[in-house]
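Labels run A, B, C and D following the written order; every chain starts at residue 1.
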Amino acid sequence: MSILIDKSSRVLIQGITGSTGRIYAERMKRDGTPLVGGVTPGRGGQEVAGVPVFDTMAEAVAATGADCVLSAVRPSLALDAVYEAVSSGIRLMVLYSENVPVHDAMKMCAFARAKGVQLLGPNSAGVISPGKANMADISLERTRPGRIGIVSKSGTLTYEAMDTLHAAGLGTSSIVCLGGDPVVGTEFAEVLRLFDADPDTDAVVLIGEPGGGMEFRAAEAVREMGKPVVAYLTGRNAPAEKRMGHAGAVSSASGDTSAAAKAQVLEDAGARIAPRVTQIGAVVAGLLGVGAA
Amino acid sequence: MSILIDKSSRVLIQGITGSTGRIYAERMKRDGTPLVGGVTPGRGGQEVAGVPVFDTMAEAVAATGADCVLSAVRPSLALDAVYEAVSSGIRLMVLYSENVPVHDAMKMCAFARAKGVQLLGPNSAGVISPGKANMADISLERTRPGRIGIVSKSGTLTYEAMDTLHAAGLGTSSIVCLGGDPVVGTEFAEVLRLFDADPDTDAVVLIGEPGGGMEFRAAEAVREMGKPVVAYLTGRNAPAEKRMGHAGAVSSASGDTSAAAKAQVLEDAGARIAPRVTQIGAVVAGLLGVGAA
Amino acid sequence: MITLLEHEGKSLLVRNGFAVPSGALWPALPTCDYPLVAKAQVPVGGRGKAGGIAMVDDAAALETEASRIAAMQIGGHDVRAVYIEERIEAQREFYVCAMVDRDRGCPVLIACAEGGVEIESVPRERIAEVAIDPLIGLRGYALNSLLRGIGCPEDLAGEMRKVLTRLHDALIAEDAEQIEINPLILDAKGRLIAADAKVLLDEDAGFRHPGREAEVGGSAFERSARELGAIGIELDGNVAAMMNGAGMTMATLDELTALGGKVGPLVELHGVMTQGPERVAEIVELLLAQKPAVLFCNIYFQFRRLDDVAEGIVSGLKRIRDAGGTPAPIVVRMAGVKEAEAREILGAAGIPMTDNFAEACDLVIAQCNHSVKEGV
Amino acid sequence: MITLLEHEGKSLLVRNGFAVPSGALWPALPTCDYPLVAKAQVPVGGRGKAGGIAMVDDAAALETEASRIAAMQIGGHDVRAVYIEERIEAQREFYVCAMVDRDRGCPVLIACAEGGVEIESVPRERIAEVAIDPLIGLRGYALNSLLRGIGCPEDLAGEMRKVLTRLHDALIAEDAEQIEINPLILDAKGRLIAADAKVLLDEDAGFRHPGREAEVGGSAFERSARELGAIGIELDGNVAAMMNGAGMTMATLDELTALGGKVGPLVELHGVMTQGPERVAEIVELLLAQKPAVLFCNIYFQFRRLDDVAEGIVSGLKRIRDAGGTPAPIVVRMAGVKEAEAREILGAAGIPMTDNFAEACDLVIAQCNHSVKEGV
């Protein structure tokens, strides 16, 4: 098993005829990801990487039975892309696009949540279940199938975490990147609960950062979980988060949202803290009593 | 048991200081319905029928832990009433108001669905679980607790159906009125599935009418149900439904939506048809092999 | 539901940003030159086939045709007015429509490259349709899908997008059930012009649109019922009936029909109960004025009060007698709130009452057969 | 994020329907009479305490004060302009603000009956706040709740409702992160006037707002990085570093700090990789121009190509040497796409490369210690 995607997923790429879309399509085909089609308005009937291109998400879903979509459209089209994808009946969406306006992000996240669609992003590096399906900005050849889940705000640090797990003799069940933007569609807590219910995941690595309250809500999930969680918080030495003028201080999300404060709350909830990114694998291995710790 | 509401529900009345609101409040208190408060903006701090009045739904929910609300506001306020109630975190809403504009109905139903709130109405006679809780336009003294569920588009025919069940020696577990308007928040199919899962319901009476496609979707639910369904379709002799000009004919909901056509589809799906409203109780009793059939 | 006449619909379109041909209500004339067209203003379709539309090339023809059309009746409706309009040469004709899909619970936009004909005659696969989620409104991707669906040429796409957006926005802004433009014509200058307008408005949204009032349609009986706050349905039967609730009204019709009765006219009390017993009396008078063989009152209240209805019935019958009339026999079935009080009021006036629907129907049929035999 | 100056913020308010005092940028003057007020235009708060606001009652005082303010520096910023404004007597002062709550993922409206003071100094329970669901927008019940929350008097409710509605609508229409009005004053005529404006705009929404461009703030180094399409962070250290991704940038800072290193300046490549190797070369030049003890390149690409980065590094170093400079030692850690190609390119230029983050950090620290010992 794994979470969110696997061999039975049916994947579309929105914007498949664009340069990023084509790279993803070729890679998915090469990696054995169940890519079933793509969407670019006005390009219906063409083919990319051997899969059909459709004009609309609705047509693509009807013709292919797709349930997942990776979207690589330009930021000005991202809101419409999410609205269209969510309305088409898919179950999971990765929005790879970055520099999406925050008002658009708020709207798309609210709509996806309203319709019960799991939206990763905007600015998400995606999700991969190694050896099964890859909807991520992560090369299959750099992954190793295994029993550790990763959920992360940062794409690049996910690569680092994977490498440290591999070095410790461990591999991953699924890797989920929530997206680097402040407003994203999916929370740590939701993904933690999915991993907790996944029979093929033994432990979860959480990679958080300063700002916002998502890690605090994650701590509540950690408290209820049966599986161990190892948390790494980046930005311990980051210059203090820029505050949005005076009003920021009175809005509800105030309080200490530094990496150190978050690490403390997660530790209090029962998570093991990896003090440095390069030590994540060793901490997990130590915790599980396996591998080359 | 029962569905949607019972003794553990915590009920609010929106518009509790209005004339309809007060009548409902007094009746709920008299009937033993767990009424915990009411909402009228600007009347916070007052009392009606011995329960506190709050200015906003959010305050009322926070102070009382309410999970259900009956709304009796004027039609021009209905949309805001639903938005506010749905946003406050309640689980079930009865919108008693009638003559709600159809555009408002579409918006409120979409929003309630998006947030996972069960909205009965607009123009719903409500829901009652006899002997447990009463959020309906139905007098407790005219009900008899029992093991038959009723789900109906029509308030008045619900009373008739109850009486015929009582005459046949049967009573009801819960009675659910979807609302007489064309656009309502909850479908037959959803309520049928709830009754199917309710251990204290043995059979379900469905009261439908001409127009729309809700009864066809109900037939799909009937097909999957373990419990018997008795359907009565009113309007067999009604003058043909007024069509909305030419466009009505090309829109998706076309086809024969007469009472006879619906009865046929429901019968094909396994429902027993009660040919006349006065025979509903006898048909149910005959089907269950009980009572004075 | 409020049905606008063509010229009213076009005023609505104009205030929502659409282009329409110049026009005026005869005897006024539009400011443009001949050729013109004279069109009957009626709240039903089919006026073209009925001869309600005439091409007029000069003043003489206009007067002749307008006078002729003004005197017509179309689909049972007197022509209300004659609309004189600029005649525009169409390069192409489209069909566009925004409407409320009550079954799906959302607005839909419909478009077709074949306009100017009855849309029912166009094969379904040539009609493009999108449903609009009320949570997000009309979005670019939906517009694009419509444009592709009708094969809209590239140079017309911008204008067509504006027209469809206006159509959607007008549906919402006007609380309309439907705004249909057929044909939407492309003129020689490349403009898209609404050459007809079929607009249905939601009367429940009147509070947002000061001055919006439902025009009372239907037969004289139906209009009278409506003026009393009730819903009247004229059917060709001899059993008059008064019920509460649409479901009960239909069920009563079904029940009596199943027993061999011929039902009509009917009244569904609807908002009448907020107006007090005297309003009920007026309904009783109205029903009895239709000279039925029997009047059936079938009321079940669990919230409103039956004693109000009983008083109304007694008062209605008294009014008729006071005016020297002889009311038809009456069968009363009432159940619910203040049932005992209602029975007492009726009993004092010599009117029996039952609380049993089936029994009451049998009584109605028996009374009906008796009345007919007696030649009442 | 784009921070508007007060007078820019007020222009935005005016085009969104707000009333503001008459004002002009000195040496121009507003059309109203004295008394006036002269206000420093700086993108930071605290100008009042710093002496950046002066009441002026005549032309002589105005010239004196405006000249004085124009020459000031406030919170590290040169005063950009002096705004001369009508002085309005306030009956009451309110605080109102619309902002994006990034954590809850929705807009919020905040209001307080105590305006004109720092909102942080007001007890939390006196501040009214509502979160706005993006699916339904600002609704009447939310407005009512705000009005009650600040105890808005009945006769002001209509105006206050309009102000709050405009504030919300402007937040959306302008793609703003925040629009704060403090104080919102009630003048003698009962009008609500925005006496100050703190506006933050979302630069990612520039495509919807032609002409909107982020003003490049920060230090000279940070501005240069920004002009190259990267994000520069000036920190007081001697290890320059170039990373991809915000997470990686923070982690590299953490890792080196944990090993005792002093990090800064930093560059996060951000959008640079779409610009080709020569842009990377410019980043390398910029970082080395800060005279660090060592330059650390820590890049992990799984989508973009490392060979582009390698070429950029080689080119940047060559440029410095061609210009007669001596670049600081460089430690390169790269992993991912085209890793072998990158290693080859760097190797040909005599630059070693590792794919191991931890090992690279150790090298950086060692090199740093060595450089410092050598006095480089």
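The rule we apply is simple: a contact is a pair of C-beta atoms (placed from the backbone, for glycine too) under 8 Å apart; a residue touches a chain by one contact, two chains touch by 3 or more.
No experiment lies behind these values; they were computed from the predicted model shown.
Chain centres here are means of the Cα atoms, and by that rule the chain farthest away from subunit A is C.
Looking at B-C and A-C side by side, the one with more C-beta contacts is B-C. Per-chain CA centroids place subunit A at a distance of 27 Å from subunit D.
Computed from the mean C-alpha positions, the centre of subunit A lies at a distance of 41 Å from the centre of subunit B. In terms of their C-alpha centroids, the spacing between subunit A and subunit C amounts to 53 Å.
The set of subunit D residues that touch two or more partner chains comprises 133, 135. Counting partners per residue, subunit A has 107, 111, 114 as the residues that reach two or more other chains.
Of all residues in subunit D, only 1, 45, 97, 99-108, 110, 118-120, 124, 127, 129, 133-135, 172, 175, 177-178, 180, 182, 198, 200, 202, 204-205, 207-208, 233, 235, 243-248, 250-251, 253-255, 257-258, 263, 300, 302-303, 335-337, 357-358, 361 touch subunit A in the complex they form.
Partner subunit D is touched in their complex by these residues of subunit A: 23, 75-76, 99-107, 109-111, 114, 137-139, 142, 152-157, 159-160, 163, 180, 182-183, 207, 209-214, 234-239, 242, 244-253, 259, 275-278. For subunit B in complex with subunit D, the residues that touch the partner chain are 41-42, 55-58, 80-81, 83-84, 87, 107, 111, 114.
Those residues of subunit C whose C-beta lies close enough to touch subunit A in the complex are 133, 135-136, 139-142, 144-145, 148.
Subunit B meets subunit A in the complex at residues 114-115.
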